[in-house]
Amino acid sequence: MTDAKKILEDVRQGIVSTDEALLYFQKEPYADIDFAKVDQKRSIIQGNGEVIYGQGKSTEQIRKIIKTMLDAGQKNVLVTRLSADRKKELEDIEGFSYYDDAQIAVIGGMRCADGIGKIAVVSAGTSDLKVAEEAVITARFFGNETVRIYDAGVAGLHRLLSNLDELMTAKVVIAVAGMEGALASVVGGLVSVPVIAVPTSVGYGASFDGLSALLSMMNSCASGVSVVNIDNGFGAGYQASLINHIR
Amino acid sequence: MTDAKKILEDVRQGIVSTDEALLYFQKEPYADIDFAKVDQKRSIIQGNGEVIYGQGKSTEQIRKIIKTMLDAGQKNVLVTRLSADRKKELEDIEGFSYYDDAQIAVIGGMRCADGIGKIAVVSAGTSDLKVAEEAVITARFFGNETVRIYDAGVAGLHRLLSNLDELMTAKVVIAVAGMEGALASVVGGLVSVPVIAVPTSVGYGASFDGLSALLSMMNSCASGVSVVNIDNGFGAGYQASLINHIR
Amino acid sequence: MTDAKKILEDVRQGIVSTDEALLYFQKEPYADIDFAKVDQKRSIIQGNGEVIYGQGKSTEQIRKIIKTMLDAGQKNVLVTRLSADRKKELEDIEGFSYYDDAQIAVIGGMRCADGIGKIAVVSAGTSDLKVAEEAVITARFFGNETVRIYDAGVAGLHRLLSNLDELMTAKVVIAVAGMEGALASVVGGLVSVPVIAVPTSVGYGASFDGLSALLSMMNSCASGVSVVNIDNGFGAGYQASLINHIR
Amino acid sequence: MTDAKKILEDVRQGIVSTDEALLYFQKEPYADIDFAKVDQKRSIIQGNGEVIYGQGKSTEQIRKIIKTMLDAGQKNVLVTRLSADRKKELEDIEGFSYYDDAQIAVIGGMRCADGIGKIAVVSAGTSDLKVAEEAVITARFFGNETVRIYDAGVAGLHRLLSNLDELMTAKVVIAVAGMEGALASVVGGLVSVPVIAVPTSVGYGASFDGLSALLSMMNSCASGVSVVNIDNGFGAGYQASLINHIR
Amino acid sequence: MTDAKKILEDVRQGIVSTDEALLYFQKEPYADIDFAKVDQKRSIIQGNGEVIYGQGKSTEQIRKIIKTMLDAGQKNVLVTRLSADRKKELEDIEGFSYYDDAQIAVIGGMRCADGIGKIAVVSAGTSDLKVAEEAVITARFFGNETVRIYDAGVAGLHRLLSNLDELMTAKVVIAVAGMEGALASVVGGLVSVPVIAVPTSVGYGASFDGLSALLSMMNSCASGVSVVNIDNGFGAGYQASLINHIR
Amino acid sequence: MTDAKKILEDVRQGIVSTDEALLYFQKEPYADIDFAKVDQKRSIIQGNGEVIYGQGKSTEQIRKIIKTMLDAGQKNVLVTRLSADRKKELEDIEGFSYYDDAQIAVIGGMRCADGIGKIAVVSAGTSDLKVAEEAVITARFFGNETVRIYDAGVAGLHRLLSNLDELMTAKVVIAVAGMEGALASVVGGLVSVPVIAVPTSVGYGASFDGLSALLSMMNSCASGVSVVNIDNGFGAGYQASLINHIR
Amino acid sequence: MTDAKKILEDVRQGIVSTDEALLYFQKEPYADIDFAKVDQKRSIIQGNGEVIYGQGKSTEQIRKIIKTMLDAGQKNVLVTRLSADRKKELEDIEGFSYYDDAQIAVIGGMRCADGIGKIAVVSAGTSDLKVAEEAVITARFFGNETVRIYDAGVAGLHRLLSNLDELMTAKVVIAVAGMEGALASVVGGLVSVPVIAVPTSVGYGASFDGLSALLSMMNSCASGVSVVNIDNGFGAGYQASLINHIR
Amino acid sequence: MTDAKKILEDVRQGIVSTDEALLYFQKEPYADIDFAKVDQKRSIIQGNGEVIYGQGKSTEQIRKIIKTMLDAGQKNVLVTRLSADRKKELEDIEGFSYYDDAQIAVIGGMRCADGIGKIAVVSAGTSDLKVAEEAVITARFFGNETVRIYDAGVAGLHRLLSNLDELMTAKVVIAVAGMEGALASVVGGLVSVPVIAVPTSVGYGASFDGLSALLSMMNSCASGVSVVNIDNGFGAGYQASLINHIR
């Protein structure tokens, strides 16, 4: 007798209430899903269990989460959006290192670079530096070799063009730009690999905290460009790493 | 040189008598036609009085305004936003010619090109053609030599760069682009003359009828770029002409 | 004597005008860039020269571009956004086939599937079908094996979950959804490969033609998700193909 | 059951005399304190008169309103949006207790839980905690049993699904989420009771202080979801209580 | 009471055999029709599976889905957003009836009204009628008694106030309003039961297709108000029914 | 014995149920309001009961409403937003006259002009004519003398300035303008009487259907300017009339 | 000989340059405008020369402007947006008085109340107090009797209704409200005099700093309502005064 | 005339030797300082390389860039957005001067005024002063004679009109205005030369940090107006200079 039939029989006999039976039938569509599989896979492969988003968490909370992770056998931990003044409160942790521009702390070192190729991070202006570095350190943490092409905004095109060789040998390109965000389109038109565009909140007047750059990148006339959230250097570095590790 | 200045010059040189000139300046400024006063006096001085914005006016209204203008001594008239199917109803007017792509009618021909130099009109994609042509014909009408550099979008940068000579010898550049509007920044970074940017409503999805391009151009990281309204090819051509006639 | 010195000498001697010389020095930063290289690389590798965006082009224009491409030795051509009623005017072209749901025409057949793995296209509702199919056919055209998981919206989660195996063996996932766009986050939380999210303009009331879905996807709490423009199935399929061909 | 109804019931059963009841209903509805009239009569009937919105009021003002309410015979008072540092200035009030995460003070204790069933409060991320707790404490204040299902964001779906039992036995569900707000749709697809969605202002970049989540929830593809204002945990808890007390 | 619960109750009372009940719960949940899977199992449990969203579906598609549903044992079917001119193509279906103002078709009749109390539907202006009626018919379909209070906009307050009796005895109120959406606040201030607000796209000028009303309702100063999507009369009726059936 | 006491007594004796009693106490705050007074006052004095908003109503509906009004003793009726092609279906009504530009029908003639002074209606461009005329005819209908100053946009300032006398002797000014809406500020700076600004949806590109003009007028640097909804000529004319009749 | 002819003659004779002559003709349209008239009229009648907008000006600047005004014979001066902590630096000025809630300083006292009738200022919540008081003090400064009806939000309708008499005898009503701004519509529906609506930036979540209230008021379904800028109590008070002084 | 052109002219005239000129053009374009490459070559040619955007850079960074520029032979340097309190840390640099209102530092003095004519800078209110001055000093730095017409807002039109002479003899006009931005249209209607409009973020309520002014200027009904970004006085001054130097 199937479980379902047994439960109905129990209802008939008054052993099981109709409410209990109803719950059984409501949950049934999800009964056979092996979430252990999902969960395990994620923690082993997806590899972003070792990431702590530092903003909005107290230093004490961060310290605790790091400890829990290390105790659970995690070898490397990445803490993003950790401002320089909070570094001191954590630097006694063994294996701690801090990247100023990226505002990232790494515990236990970077992974070995084992990606398909290099990830190039191109940025437009000095003020996009932080976001670009967040992408670079994130990519390196997850085992990627990176190339920086900075200050290569479209208003000084020759600077970008004089780095064509490096740009063209990368397997993935991350384009970081605020203001009008034109860099993503220009880069997308030059290379033949996936471009991850990161709008930054850098800009004045009608840039609306990155919205102008976001819309600009969304509407890129170049194929092969996709976009992550404003200032989300981590997201770009992480997805670039996923792409660079496809096999 | 505006007509007014030319006439004064002719007076100075004795080509035109003071009486003729007086008549010119005295012409009844408010020739009363019931739907729209044609403000000729100011127009004559400012030099854009010979322009009729065709959209939203009936063909009959346009015909009447043209007649009033010609009767008042106007030699050339420009009608913008005149769709091709309305052309037929007006082409019997003497001196009428029509520019299909620009959707512009000219009565009495273009002025002689007497600007300082050439105006280059650069456009990104095929779909920006209409707006670019509106700028070109407007500029020519007001006495400017023009150079077209079309299909020079930033996703195919070499196409733009292979026209560097023409671009760099222009005295004013009009950059027409929809989608992400990056063209304005790239052009602004290449030349050292004023750039008038025209966002177009061309685009899909999150381009929001030109808003994305407008914001992008507003936030251009290149100096020397100013922006006119979405699809306003006439406005760009007219201002470029003003610039090209400064003396 | 360097070219530069020679030109200065010519200026001194009055052989070359100062204007000509100025142009020379303005162009110089771009002189050494091998655009042939850029151009050639793009056309050979980037492989999107064979794509025609059908919307906004007349059937006659499309026919001409196809002919030019084939004459130039192109073997396969993809025409997107070609409505069914225009199919008839082109189907006499040799090797023409048409995909109704995707509104795509292919001339010369698909490329052989030679990607790293499979691309899964997941869509939320019946009304997202068109955009999902545009992604599928685009991916197949560029040589990718695809898997469709349709009608898997988050309001009926078990349907998505019952396809976990297929989802998890894909190398790239394209998530297509309108309305609240929650699908991208759910899928991004399940898989450990890059997810390309496509917001669609499907929705009512406050969905604002896809803006709601776009913002939702931009703000995905799952890592590894990037976003293309609203309804841009082609863009997602194309980037997924780039990712699936990285080597 | 509102106080008013309870008193009438007591009259019917002879527990309360008609004179006592009359006094109850006659209490001067506009006890005049100069900064804000406390509208008690309507409050008593509607049952939300015992609520003070703390934000924007000085501690002294709050203390006065509490006193007026208690003097008028109110037994329990709820003060929302009261930051922890203001707690000290009020904790001498008899019967005062404070809930840190919810930033709520309660004077006179919670009502007895007399609702139809339980109210489940589901939240997506740690940062939504405050809003979720405001909903929980509000619901408990008005006499409801609550169940917390926290950190159950859609990017970690299994965490939500492993609480199916609790979710499915609730009579009302409150779904609290920032960023992309997908939680409301997922929950709405799982349960068959009313879902009150609360967008939170948690998020970065293009989340626009909760607008992204609000639009997302508004466009939920699941039926049975309605939405309250951004961060309005009180509103959700209050409406859930109304629903849970319908008779 | 959902069908599922009713069947279990019948099992308990011996009215329905366990085998019949088992058959009911086993009915193939994915009856495959090519354009849209009809997910019956979940629908049956949740009780909104008998709903077809008519907009965007061809009449032929709708007919097929209806047939599949009826074949699967569904007794009543609701089709929303079905314009009057499509009614004729479906009215041969047995048990078909059509509600003009609501643009809803019902097959198999309404359920018996078995809710806790009445649902009042209040609307502001004549032009909100369609949305209000969609809410009314939906509520009636799911077994609720309804009361209509129409043309009760806040600019003519006395009309609303003269229906206080009916308004105050309802167990749930649906407030439908376009333009400035003030009705929701006014109603929310009068009653002490849950109010579901429906912004409508009715309005001119700066009403922005219902956005003005939506924001207005979101910001209601009255407690106990939650909001569904613009013009979503169905959603309001459905949620009101869920609330009115809580037990 | 007061009513309240009596009811409580009845509750005690079981003559009245607690629910009935509750309803009594819920309605009590509204018991003493003399709505007849409100209602009567409105219909007699406010005088906008004689207005029918034509848009969205069928001609048959309009005819019926007119008849009902006339039967009820109304002497004049105003129908706004009645397109010219619908005029014919109504012109058989006695006393019917139609104003083409304003798209207004008047039955029974205008009231006598009995205001304090004249109302000046200033408009910027030909395309604002319709809205301006709606304001003029509305004002005249409600018994005001009006002065038209048209085509007085700020780009041709002397035209406005040459009507200074008329402008300055008006008691109220209505300023109608689309595009950048600058007229309201200029007029507001010239006169010392109330200015009602009407943004119009006239404009192109980034005018966003009147939003640009609306914001512009809202931010007017001139004191004494208030704003009505986009294209709401009726609203402006009506309020101007109220102002012009204050006594 | 006219001036024009004389100038042309001078041009011919070389006495006047063409540039000077051109300037003469450019200025001519403005030659006959009697700006003295405009200016004088404004300063005498418009009466807002005595107003100083305090925000963004240093206390020293304000002191200087006041002195200049008094020296020029101005008897009363109004300073708006003057925070309480700056009061002390100015209170030594003779005739200085300060209104805390309104954040307004008055030098030289209010004008005598000489308007047609009273101006009623209605506000919704405690938090709208500042803006309402700014309107009240402004109106009183310009010689108007005022009536305050505060805390009369639509969620507690009877409070507004219990002030019907005062509301209905006012000649102008100012309605101040944040959040959903419904008050303007309700008041507009009750009275038959002009209503000036002031949206306030009070609100939470999706109120967007007053935008929600602004849109709501713009879309008011009541006739006779016009709107001033967000938080612009001064503007409302000033226009109400203009209206109340029409004669 | 750019420096580059001047040197070539000197070469032609034998004032500068070809070797000196060659050295000038060969100066290492990428003098490497680690935070920002100073791209001199292009700067020299384009003539805006001598500009440092001060905001977001540390004083130390600015000092370094200045030194690098001077070492490379740059004669004048402009530093924008340098707040007064940072002036002190730099004023020891030889040739340093500071402009308070403009928040600009100039090292090495202004260039000689060698433009075609004068640039007029018109501003609306006191609060637009900073932006206007940024435009003035920028224009003067690049060798232009300037005329200031301040406090000439449209609400006090006569102030603007009383400066007609100066306005009409300028070769380029910069119109600076916040709030409703009407100034651009009024000025554009008066003059017949290019107008560069600068929206400012000055304003309250619904001015949305300059967006209202920006849209207003974009939609100017006057021809010959183009717009730069909000508060971008530098951009306006720079473009005006380009225009004023066209030859």
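Each chain carries a letter (A, B, C, D, E, F, G and H) given by its place in the written order, and its residues are counted from 1.
Assume a contact is a pair of C-beta atoms (placed from the backbone, for glycine too) under 8 Å apart; a residue touches a chain by one contact, two chains touch by 3 or more.
Because the structure is predicted, anything quoted here is derived from the model rather than measured.
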Intersection of the contact lists for chain C and chain H: A, B
G-H against A-B, pair bridged by the larger set of C-beta contacts: A-B
Whole-Å gap separating chain C and chain F, where each centre is the average of the chain's CA atoms: 52
Chain centre separation in whole Å, for chain E relative to chain D (CA means): 26
Chain centre separation in whole Å, for chain C relative to chain B (CA means): 35
Junction residues of chain A - those touching two or more other chains: 26, 29-30, 33, 38, 156-158, 189-190, 204-207, 211, 214, 218-219, 223, 229-230
Touch relationships between chains, expressed as pairs: A-B, A-C, A-D, A-E, A-H, B-C, B-F, B-G, B-H, C-D, C-E, C-H, D-E, D-F, D-G, E-F, E-G, F-G, F-H, G-H
Chain C-touching residues of chain A, taken from the complex the two chains share: 29-30, 33-34, 37-38, 41-42, 45-48, 51, 116-117, 157-158, 161-162, 164, 168, 171-172, 189-194, 196, 214, 218-219, 223-230, 234-236, 238-239, 242-244, 246-247
Residue ranges of chain C in contact with chain E within the complex: 126-127, 151, 156, 158-159, 204-207
Interface residues, chain G side, partner chain E - complex: 124-125, 153-157, 179-182, 184-186, 188-190, 203-208, 211-213, 215-223
Chain F partner contacts - residues on chain D that touch it in the complex: 4-5, 8-9, 11-12, 14, 18-19, 21-22, 25-26, 29, 41-42, 45
In the complex with chain D, residue positions of chain A that touch it: 19, 23, 26-27, 30, 33, 35, 38-39, 55-57, 199, 201, 210-211, 214, 229-232
